[in-house]
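All chains are identified by letter, namely A, B, C and D, in their written order; residue positions are counted from 1 within each chain.
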Amino acid sequence: MTTTLSMLETHPRRADVDRTRLAAAIDSLNACAETCTACADACLSEDAVAELTRCIALNLNCADICLATARMLSRHAGEDGAISRSMLEACATVCRACAEECARHAERQQHCRVCAEACRSCERVCRDLVVALR
Amino acid sequence: MTTTLSMLETHPRRADVDRTRLAAAIDSLNACAETCTACADACLSEDAVAELTRCIALNLNCADICLATARMLSRHAGEDGAISRSMLEACATVCRACAEECARHAERQQHCRVCAEACRSCERVCRDLVVALR
Amino acid sequence: MTTTLSMLETHPRRADVDRTRLAAAIDSLNACAETCTACADACLSEDAVAELTRCIALNLNCADICLATARMLSRHAGEDGAISRSMLEACATVCRACAEECARHAERQQHCRVCAEACRSCERVCRDLVVALR
Amino acid sequence: MTTTLSMLETHPRRADVDRTRLAAAIDSLNACAETCTACADACLSEDAVAELTRCIALNLNCADICLATARMLSRHAGEDGAISRSMLEACATVCRACAEECARHAERQQHCRVCAEACRSCERVCRDLVVALR
């Protein structure tokens, strides 16, 4: 059991969705944020950096948006379905764009391969949660 | 002229929208993020904190989302209309919810009055920019 | 193996410290940031919120500082020992203060008990890494 | 009068230092964070990006650390002199490193010239505030 699930289980309010599922979504968003931060820096350190600038900027946007989404999902005191759904949709949009860009470099840059998988998985998590929150 | 506009004017790429307008939007988002962070803490310091918990949580979400939006708008290297529009829509949604909640406390809490105005103005900026980016 | 370690292993630069250790530190910082964000919201949702306001503000500071530290440690392209050490010291300072405050509420608030442990463990990680980076 | 000062003036607690000075420090930190975010992206968009990678990584670290410091200074509910001083010292350290790196590129990259000034000014603000908080 991750700390994320422990925190949901000791929270005085019940979340709008199943706790195990919500904890998994938060963990996926935080892992994607960390992976994108690391991928931006790895791209920056490659000799081929000039070909990776769009990838770096998308990584930075994806990291910031995943993080803001994870924090929002961790806050139940101000829970609001409309905010959650619109942020999850924005997050799915940036995750898809980042996954596609990283996939273009995945053969030569191993970190982009790992990052593309993290973004694709996170996009799926966001889209599934939008449905569950309806 | 704020530093935000100087930075846009010295950036090697032209943004997708008028620079003065974009700089004003970024400044509005950053000001709203700071105001919401301060409002959350002021609410937390009030004797009536128990009535302000939803306001605090919305302030925290609004601060994080405005900030992620300002950062995204500051990055032109990975510019992508679909990401910009969906983040601006999520940001307008949280700004409206936060403005409405702060407005409910505006008579007794002066910081909520200032914050409601910042959120309302930021919501308008986000909605206008979505239209300009189409 | 977490994604954090995969990203360090596929990064073109070697970090200044052992990769497994660095990945564990980054994971600990991110987990502490998430736990503190969740603890702030859980405290905010308690009937006893008025007794927990200092705890909430420390949780919010600890979350932001742990996160900035994790991101800095994920960036090797601009690695600088003086910056790393001073941020790790600031991070250890806030982790200790947050752990102590959470511990005061740990008997009644289970989320504070979990959070105190996460902060204490993260403080240790930061102090050990300062030594390793010398 | 900026919104930052209005928020300090409507906050139920008095800060540990003069409000006008504290508001100016928060504004300087937020402006430096925004400038560094923009400078990282401008550097990324230059043909000479390969010579600017250390500058980009320092910009990203400086943006994150300035932001965490501004947020901490906006929170009086959990005010703690030891945390404030150690974060301000870490922030001054990264501002100096970023100012020095940006200054190396200031002749060819106008955005680095603007950013070097913002970082230098922010470093001074941090060092002055450490003294004022003693």
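Just a few scattered comments:
The rule is simple: contacts are C-beta pairs under 8 Å (C-beta built on N, C-alpha and C of every residue); 3 or more make two chains touch, one makes a residue touch a chain.
Bear in mind the structure is a predicted one, so any value in this text is a computation, not a measurement.
Traced through touching neighbours, the fewest hops from subunit B to subunit C number 1. Summarising the inter-chain layout, the chain whose CA centre lies farthest from the centre of subunit A is D.
Contact tally for A-D versus C-D: the pair with more C-beta pairs in contact is C-D.
Separating the centre of subunit C from that of subunit D, both taken as means of CA atoms, is a distance of 21 Å.
Each chain gets one centre point, the mean of its Cα atoms, and the points for subunit A and subunit D are 27 Å apart. Within subunit C, the positions touching two or more other chains are listed as 41, 44-45, 47, 53, 56-57, 60, 67, 71, 75-77.
Only residues 53-58, 60-61, 64-65, 67-68, 71-72, 75-80, 82-83, 86-87, 89-90, 93-94, 97, 101 of subunit D touch subunit C when the two sit together in their complex. On the subunit C side of its complex with subunit A, the touching residues are 2-4, 6-8, 10-13, 26, 30-31, 34-35, 37-39, 41-42, 44-47, 67, 70-71, 74-77, 109-111, 113-115, 118.
Interface residues of subunit B facing subunit C in the complex, by the touch rule stated above, are 40-41, 44-45, 47, 49-50, 53, 56-57, 60.
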